[in-house]
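The same chain A turns up in both complexes below, where it pairs with chain B and then with chain C.
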Partner chain A sequence: MTTTDHRPARVAKAASVPGTATAPPRKRKRISMAEKKRRRAGWLMITPSVIHVGLWTLIPVIATFYLSFTDYGIFSAPKWIWFDNYVEMFNDPVFMQSIGNTIWYTFWTVPVSMAVAVVVAVLLNQGLKLQKFYRTAFFLPQVTATVAIAMVWLWIFNPQYGLLNAGLEAIGLPGQAWLVDPQWALPSVILVGAWQGIGIKMLIYIAALQNIDESLYEAASLDGASAVRQFFSITVPMLKPATFFVFIISIIGAFQVFDQIYVLTDGGPANATTMMTYEVYRSAFQEFRMGMASAQSVALFAFLLFVTLISRRVTKEED
Partner chain B sequence: MTLPTIKALAISEEVTVAPRKRWFHHAKGRQAVLVNILLSLGAITMLVPFLWMVLTSLKSPAELAQFPPTVFPQEWMWSNYAATLDAAPFGLYFRNSLVIATTHTLITIALGAMAGYALARIYFRGREAIFLAFIAMLMIPTYTKIVPQFLLVKFMPLFGGNDILGQGGSGWLDTWWALIIPGGLSASAIFLFRQFYLSLPKDLEEAARIDGLGEFRIFAQIYTPLIKPAIATVGLLTFQESWNNFLWPLLVTTSSDLRVIQVGLAVFQQLDNTQWQYLMAGTTMATVPMVILFIFAQKYFIQGFTNAGIK
Partner chain C sequence: MEVKSRMRRTASVAMVALMGLGLAACSAGEADADLNPDEVSGEISLLTPIFEGSPGQDLLEDELLPQFYEEYPNVTVNVDYTTYGNLNEKLTTAVVSGLVPDVMLMGVGWIEAFADKGVLADLGELGLSEADLKESYTDEIVEAGMWDGNVYAVPIMLDTRFGVARMDILKEAGYDSPPSSWDELIEIAEATTVRSSNGSLERAGFDMMSLDARQAFETVLFSAGGDLFNADATEPTFNSDEGVAALGLMADLVNKYEVEDIGFTSTDDIVNPLINGRAAMGIAHNNLWTQALEADETVLDNLEPFVIQGESSGMFFGGTLATVANNSKNPQAARALLEFLSSPEAALAANEQRGNVPALTELLDSDYVQSNRFVQFAMENLDVAKREGGPAQWLEVRGDFAPAVQAALLGQKTPEEALDDLAALVQTSIDR
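The block that comes next holds the complex of A and B.
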């Protein structure tokens, strides 16, 4: 990195070390003249981005924490109420249910799609003729809009005319009122989430597989290890860092599920599929309780931070 | 965007998309057949919803009311698409999405490339602090900033009837400003650009400087042409994210004129949830541009997703 870095700081430091302090000031000034121009250019180039990120990310984040301690309904000034929002939030059975649902959704979608993704990645990594087609197929749900995809699933789940019930009937199983039945609504949403989440995980696994040193497999083959044995004693351990990475981004993604809930169930039936994000949305944009919504989004942030920190600690210990 | 984004970049810097030869690469005969069968089943599972979407969009209402459903339309109702455009202004929604996604892409490339270049190749005071701040901003989930972002838009001073303190009107709500400005740049784009500029050699700029080129010309004429693949990658990811975005346009617009296609779909479904052939035709229109873009620019998408890690 240092080769591409321009640090006059290093020159300046050397000059200020006692003993070399006799460096001629004339030379220093010449460097700073050229540098001055460059620094100005650097600042000019970065200023628009600093303003944009500052205005639309930094200020909102600070504001979220501030607003979470207030009672604020847009039309009157925010009123400081200390921890009342938090107290109310954790006594609210619907919000508690949304935490439970979010965790349950994450608990199922993440491992299921990770397991499918790793198997597909390993199979795809064998240089099959059709591998490009397969990769495209598995990745397609990732590039298309969640809203559009959820719309298709809404039709597939249709209890009267839906493809899923037709398929079940064909093999002699009873159909269900998938998204309307409190028992089946959350599993249905989980199915869509897992289906959509495979692509990106597969891609990261493929990248990781290509970084495994081929000679490991050659050596194992010479020792007579079977393909299955090689998978468990070479591939699986070598994929550990990628697995950690996929695990974290998947959890972060799953915790922020929103679009498909909006389209498929609207959080129902009877809050069976409401999520933390959905409660933030409801508080802010249906009830106009901005303070409460902020408190709920702080809770969501805390969960994600917790997951990230834990995983970092685990990864560090592994190293 | 999140912390792991950064880690992913570190991991996958030299990742190539093309598969290398692997241990039972020469899998032939029964084994290859088995693997192909497994993967085909998986691929079909992934593709069925898309095929079903297109097939449904071409059936008549009477046919859709049959159970069990037919696979292929008895009569291919291509007229459904024209009827869909009559039922809701999907053409307008489509155009709005296109305008917004294109503008986001252009702004992100222009501002992101400049910022990335400055962070990678120019030393100035405060650079490290700014870089760390950008990384911290990468970790902020959407839902931790959405409420104040909405309030910022609502209370934007001197717009939409607001006074200098942002009171009295609706600010940027229900305007193009709200759709274009906040989503116009992301910390992750800046970060990706920085990584690409860092990977370029230093002697080019030294030569350029001897020739007397200013910093902006070195940026625009020497280095930026060298990162064309990076521009394609960041551009496509931005376009895709913007085209597929739902929550933000849903929150800040109310009038039909400013509706983007994803919101248009949701509204159409809520108002008219029995016309499945039209809904699926609309959904096909919302999906097809991304599918085509993905198939033709797969290389850049895959590079981008492997680098950026998350949607």
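The block that comes next holds the complex of A and C.
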């Protein structure tokens, strides 16, 4: 049996010379003046961005981690309390409920809005009449202030004169107290979240659809594939990278839902719609407990990191 | 209507300004004697949750501040407008950044926290004493601005909650006067509740949902003879027998007597159900009168205020008070503005603009108060009114009241369980 040396030629050669077990140190490459200048210019150009990220992202992130281990109530200096905030947080039934609500909200809004968005994107990529109008209409909720949107939904959900109950009554179904009945409050908020998220997802999907090679569809047509078959066998697989991107940003967006809760339900009734971000807000600005709010923010960050890593792993394996 | 209202307000302001000159000696303005307007100078900031919106801003900038500048020409006021909903965030960021406004208007129940942490100036050191204030305000109102025996705030306006009945509806049902006990309240509420043939509610006999759940509970709690905290505010007492009875009454009105359904009204309703007849009785804010004046004047004669009578008289008051920052660089200018805003003329104008109850007892005789039955009723009954707050941690815990009350109304917890759980939470905050 013969053995083959798979080492790179330069290493193998060095090892074969008696007395030289390792390769000689590489000579430091001399950098030309022009290269130095170019590098300096590069650093100069990214400096504002580095300062910006450092000031507004890095320092606050580090501060949040630090404050999460302190009892800090804005009026006095932070006091180091180790893991007390975390222990209290995970023993707080309201915060645990907020985790459950957030997961439930994410579980429904992300797939529903993604599914609707991909269908809408495909439809609006067919060269329909008034295509631009429809695209704008679907994207409008994304660029409209959530508070304004929430005000409209408040009216739609109003039990007495709201559009939803009026529609239900017209077809003989009983109306509901959508935002004040604990059974309906969270589904109502989910409906608003799913609806609002369609626009940006649709936009990303349209961009991705336009990058799919038309010849794939032509070949499939020649082979006799139906439109539905083409959708599931060409469109969906080809949209995979966009889907992963949309999935991640949707999850992050869903976990960070705040303003529609703030305007629509204030976390009620009886904490039925409170979310992790809303609890962070309450701890910070209603209870003045910045240390606790920081711990809750870290928990939110950990959740997002975990979900993102899992998604990445799953997608990588499939790839 | 706006012009008419403005003219009436201007006339009232002029009249009260004259009255104020004579009465200054027994109001918060007394300390003016210590301030020499020519020597008071500087640029100060004012953070205010009242005077919001165009009418409020116009009143402050076009009518009130010019009067202040006439008296104090060397002072400049920079106004930062906000709402009570956003005041927490404003104050939090101000304290954290060290840029605390010189004069801050804040609510009843807020003073304790900010005074306890040294954010507010002790007004006694600026020349305003408890004794001076008690000559002009009722004791309970003055105490709302005190902490640890010192004065930190001067009241400007009050927000009260009490019972209101639609007498036309009550008379139709055979009742000539509002209820004078809980039993009567239940009886009349049941008699005036209207449901359609399919059981859906058309008119609530007693509405509690169109105002904040915490404040509704507090009003009923006070009528049960209960208090939020013990005398030194170290322990919650709202879960006492009186508290449980109060929350029990509210839960029974919804679940047992079915005089109101969850969601029938809400705090977001544009028109109060007492104005459009969707409720026969309810707990309401004093500015319901102003709302009715703007929405439907014909209903005014049918609105009858009443104190909710249980073991005790139940009336709630919150309000707005003026404070000075402890680290103000121009404390005398800040004090001058505080005294101006709480003076009869400025306070009256601010109250009239919001339909609120002036804190100054002397304003009971003003045209505005005499022309507004709810404000007049509130002022005449201030001696039975109780306020919220107490411990320095009140701001931390007050947001937990609404979910607890809602849990009881929804039947998720018994009133006792809901209040005991809440009390445990509150006690933890106090002990922290």
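Of note:
What we mean here is this: the second predicted complex is superposed on the first by the 266 of 319 C-alpha atoms of A that agree within 3 Å, B and C clash if a C-alpha of one lies under 4 Å from a C-alpha of the other, contacts with A are read in each partner's own complex, and residues count from 1 in each chain.
The definition used in the following text is that contacts are C-beta pairs under 8 Å (C-beta built on N, C-alpha and C of every residue); 3 or more make two chains touch, one makes a residue touch a chain.
Given the structure is predicted, the values throughout are model-derived calculations rather than measurements.
Model built by superposing both complexes on chain A: chain B and chain C clash. If you count the residues of chain A touched by chain B and by chain C, you find the higher number for B. Using the contact criterion defined above for the overlaid structures, shared-chain residue A:195 touches chain B, although it does not reach chain C.
When both complexes are overlaid on chain A, the residue A:154 reaches chain B and chain C alike.
Looking at the shared chain after the overlay, A:219 reaches neither chain B nor chain C. By the touch criterion defined above, A:115 reaches neither chain B nor chain C.
When both complexes are overlaid on chain A, the residue A:52 reaches chain B alone and has no touch with chain C.
Of the two partner chains, neither chain B nor chain C is touched by A:87.
In the superposition on chain A, no contact is made by A:314 with either chain B or chain C. Of the two partner chains placed by the overlay, only chain B lies in contact with A:64; chain C stays clear of it. Judged by the touch definition given at the top, the superposed model places A:173 against neither chain B nor chain C.
Across the superposed pair, chain B and chain C both touch chain A at residues 74, 154, 158, 160, 284-285. Contact residues of chain A toward chain B in the complex are 1, 3-9, 35, 37-39, 41-43, 45-46, 48-50, 52-53, 55-61, 63-64, 67, 74, 116, 120, 123-128, 130-131, 133-149, 151-156, 158, 160-161, 163, 166, 169-170, 195, 198, 200, 203-204, 206-211, 214, 217-218, 220-221, 227, 230, 241-242, 245, 248-249, 252-253, 255-256, 258-259, 262-263, 276-277, 280-281, 284-285, 290, 293-294, 297-298, 300-301, 304, 308. Those residues of chain C whose C-beta lies close enough to touch chain A in the complex are 88-89, 92, 95-96, 113, 117-119, 198, 200, 209, 261-264, 266, 268, 278, 395-399, 402-403, 406-407, 410, 412, 429, 432. Every residue of chain B that touches chain A in the complex is listed here, in rising order: 2-5, 7-8, 11-12, 14-16, 19-25, 27, 32, 35-36, 38-40, 42-50, 52-53, 56, 64-69, 111-112, 114-115, 117-125, 127, 130, 133-134, 137, 139-152, 154, 181-182, 184-185, 187, 190, 198-202, 214-216, 219, 240, 243-244, 246-247, 251, 262, 265-266, 269, 276, 279-280, 283, 286-287, 290-291, 293-295, 298, 301-302, 305-306, 309-311. Interface residues of chain A, counted against chain C in their complex, comprise 71, 73-76, 94, 154, 158-160, 174-182, 266-271, 282, 284-289.
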